[in-house]
């Protein structure tokens, strides 16, 4: 590779160190904040070392209704709602994408190109862009305030279809032909070959989609009016607003720590497959 | 490829046709709604053919302040704000990602793996996950209600870095070596080879990131309190709420049509490169 | 084990491109036939039509005297070895070999027995638990062979199975495949673009060009009596010398010489083919050539020569003769060793 | 144009793997040297060290009598043709050739003139505006050559430039490269794993094995007097026959025979090498062999034979001899044609 050049090196380091400060430091502040009591958090300077109130705060946050005086659901219920939404979105998207990529790559059917472009359009116009008409449809179908309404419209998108299409295209035709000679029909090929061969891609996609689903804000805000269907990310804006009146920073910090936790857990458990799926160069 | 099977065919069609109904029909309804006057839109049944008030509505929406009685900025200003945010995010992300992918792939420097993983973490924890601490940092730096505050935190993420890393990894080493023999230094290689070779990838990424930036909701909502910095997507929720009191559906439909337009325009102009960048199989 | 028969088989691609222009071919039970030709000649397409991986647009394919045009590939009872081996990357060697048997609902113990036998034949016993990517090129090739033989099919199809191996391994596998086929006696069709492989691996050789069968015969028939100018120039390394000439009143006029004794050929312009090894170096010979380049191949050497009229000739001689660039030599060729082809049709005349 | 000199050059990879174990080599001005060896022998690494693409861990590389160890590749004034050609995919053929000159700040008119000259030499004139992906394999190869010669460097480096071409084109380009080098008289180093290419393209041949230079000499020297068992088996196709034997009291004992006349060799176990073409078929000869397989190559044929003691021999004969599998033949070899190697060191003994 290219030799070292001192000036370029310096710039590289600078950029990277700045990146760390912007990303890592606030997370530390958040963790520290979640481990002190409410009074300490109002004193200046803000503490930079963890306190001893972590589990006390955890209990208070999880079982209480978040901040006093706000009208959100209890945090444990919001976590559950978020989890249900994130899981339905990620699993639903992966299942549909796998099937449609399979259809596009391996089947010849009339108007194939037409359908291909229809799928393509959803990629160009994600749900946020057409959020109003989508809201209308969901409302008309009576799916407001339901898990189905929360997840279905976000499932119908094509990003993942394209990823699987790309993946399937790299599978040599001879593999399919060899499988056919070995007596494997289309569905057998799908389950015996495509799914196992896409393993790392599925894992990587699951992580990305779970985080995507977890972080949805605008859509849940639109379609949930019932407190019991609120998601955790929805509470954050409300808490910041509430903080202006009752600055219970220890609870706010703990809530946002809890909101961060599931994505991190998913990343950590899937990490090996995820990294493989992202990094793996095609052989 | 696999032969046709009638049952599979039927299912494929069903799924695809359902997809079209869910996506295409509401967009039509929206367009129709935007072309009638306010009174017609309140009558039952909802019109299914376009009316003649399109340009009247357009003028009213663009130059007025959206819905009467709401406290949002004029729609043209919101469009401008959205555009500024979307462009800074997409261009900033592409520039930073290109440079960091270049550093990761082509330079040997100490702690390379450490920095690699730091970048990786931003991929696992996108801005939404760490939104509260990020808000704190931005507020402390006095960047609330500014374009810089709107875009910088959303720029610092690594998805695109990985994409470019993957792309650069497919460039054969011999190309770099040949360029070195031809007297090209690192920066010359970057501009003469990596940028032109990533052309389609840059275009595809630009489209995706523009749409991503355009559709940001939670983050602008948090950091803008000044009406003059509101983005167009922020107005949608407010309009729906407002619609319960003053159901000016023709204005709402026109606003959401306008909100859809820039992403669509970007997609259409970049379409050829975008499709190439997404579809192109590595040779 | 079965005979295979093609009857005027055609393949037309969209846009009316005829890839296979009516090929008829009979392969006896247990025979080993090689399809050879340059890339794009349709040899792989023909093989894939026999396998059922490409539709047959016209004509009929018989396997064991049954028309198989409409049969699924898996119902034709054939096994195929692909150029890139097409091993299943997520399965162990054992499962790669067993997969086809499992799909045929062969009982587990029987599968186990068959796989182990095949592994023994191909010396793969220690590798059964490995994944394909942990194997060397030669081992992968043998796994692909194993996957083919374990099913005990009626017909083996080989699609350039040796082209990804290095030269020494290729020479070795060539001999191994030949011996294995002799031992199993399964009818086999082998596609290759390599003329040395084509000459050595099979019982008969079918030379394809441009979707048409140019010649079929044993390797020596094809080499010593090429049916067309194309076959003459394709088979044989170093390449045959081809010079333009004319037959006039029973005599061949070529490069300034007149050779009698071609009275059976009517007057016409011809192409004259001379194999590089058919030149005889004699001090009294008529033809005088100047050496332009000498390639020493060890056991042989190849002289690139120019005639006084400016024509190029390749002459093959035993190695170590000490010929130098710039030297003049005189050579002759006996008339029986000349190959005459029509300038119009390219077909053999003598 | 310059001489090149390697002085005890070494390459050590992380983990103390020594890829190049001290190679010394002198190449005269204008000479064409071929580095040949099996994959992994270090031949490409050595070439890349001369190019400056790999660090030299020990020893010195001289180009035109100057140490270049610390020089950037672009400062060494060399041109390299890569195996995959490494053409710049986003530039036209013209720009591919002009890019290096532009970076050297050559004036525009001069670039234009040089590129057009090179294009003429290589018959690329009609293709200058095309992108590399619109070219055939052979054309790409010529563009890569053009990019090298247009810079008029001191030294050409070729890294297996012909391995992506088909057999006929390869034979053609081999001759073309040789003629071009003769014409330009630029010192050249050519890396290949193909022993036929190695024999024919260069003035001298350097055989590498396992990071060490086994032999250097003209092709015929290397073929007729291989310096080691490795060189004997690597150079020459079909492969040399290698049989274990023993020298005892001046006589060679091999496969049941005793041959006198090896008194200059001390008593030790040896490997005996016999080239397949060095067998003489005589009805009165002592050695009786049974034919196991006949490969007919047209002009030649290769007999795979088994001796009564079970040893395999490859014998090369002129084509069309009509030998059949199962037939018994008697052969002899004259003692001068035997190559004897030490069983321990593999070095040549006679």
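For reference, chains read A, B, C and D in written order, and residue numbers begin at 1 within each chain.
The working rule: a contact is a pair of C-beta atoms (placed from the backbone, for glycine too) under 8 Å apart; a residue touches a chain by one contact, two chains touch by 3 or more.
Since this is a predicted model, take the numbers as computed values, not measurements.
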Looking at the contacts, which chains touch chain A and chain D alike? B, C
Could you give the separation in Å between the centres of chain A and chain C, each centre being the mean of its C-alpha atoms? 56
State, to the nearest whole Å, the distance from the C-alpha centre of chain A to the C-alpha centre of chain B. 16
When you check chain B against every other chain, which residues touch at least two of them? 180
Could you list which residues of chain C touch at least two other chains? 72
So with touch defined the way it is at the top, what topology do the chains form here? Options are line, ring, star, complete, other. ring
Those chain pairs that satisfy the touch definition: A-B, A-C, B-D, C-D
Given the complex with chain B, which residues does chain D contribute to the contact? 48, 51, 53, 72-74, 78-80, 82-84, 86, 88-90, 99-100, 103-104, 133, 147
Touching chain C in the complex: which residues of chain D? 38-39, 166-168, 171, 174-175, 178-179, 193-196, 199-200, 219-220, 223-224, 235-239, 275-277, 293, 295-299, 302, 304, 316, 318-320
Would you mind writing out the residues of chain B in touch with chain A in their complex? 1-2, 4-5, 8-9, 12-13, 15-16, 19-20, 22-27, 29-30, 96, 99-100, 103, 105-109, 115, 118-122, 124-126, 128-137, 153, 156, 162, 166, 169-170, 176, 180, 185-186, 189, 207, 211, 214-215, 217-218, 221-222, 233, 236-237, 240, 252-253, 256, 259-260, 263-264, 267, 275, 278-279, 281-282
Residue ranges of chain B in contact with chain D within the complex: 172, 174-175, 177-184, 188, 192-193, 196-197, 199, 283
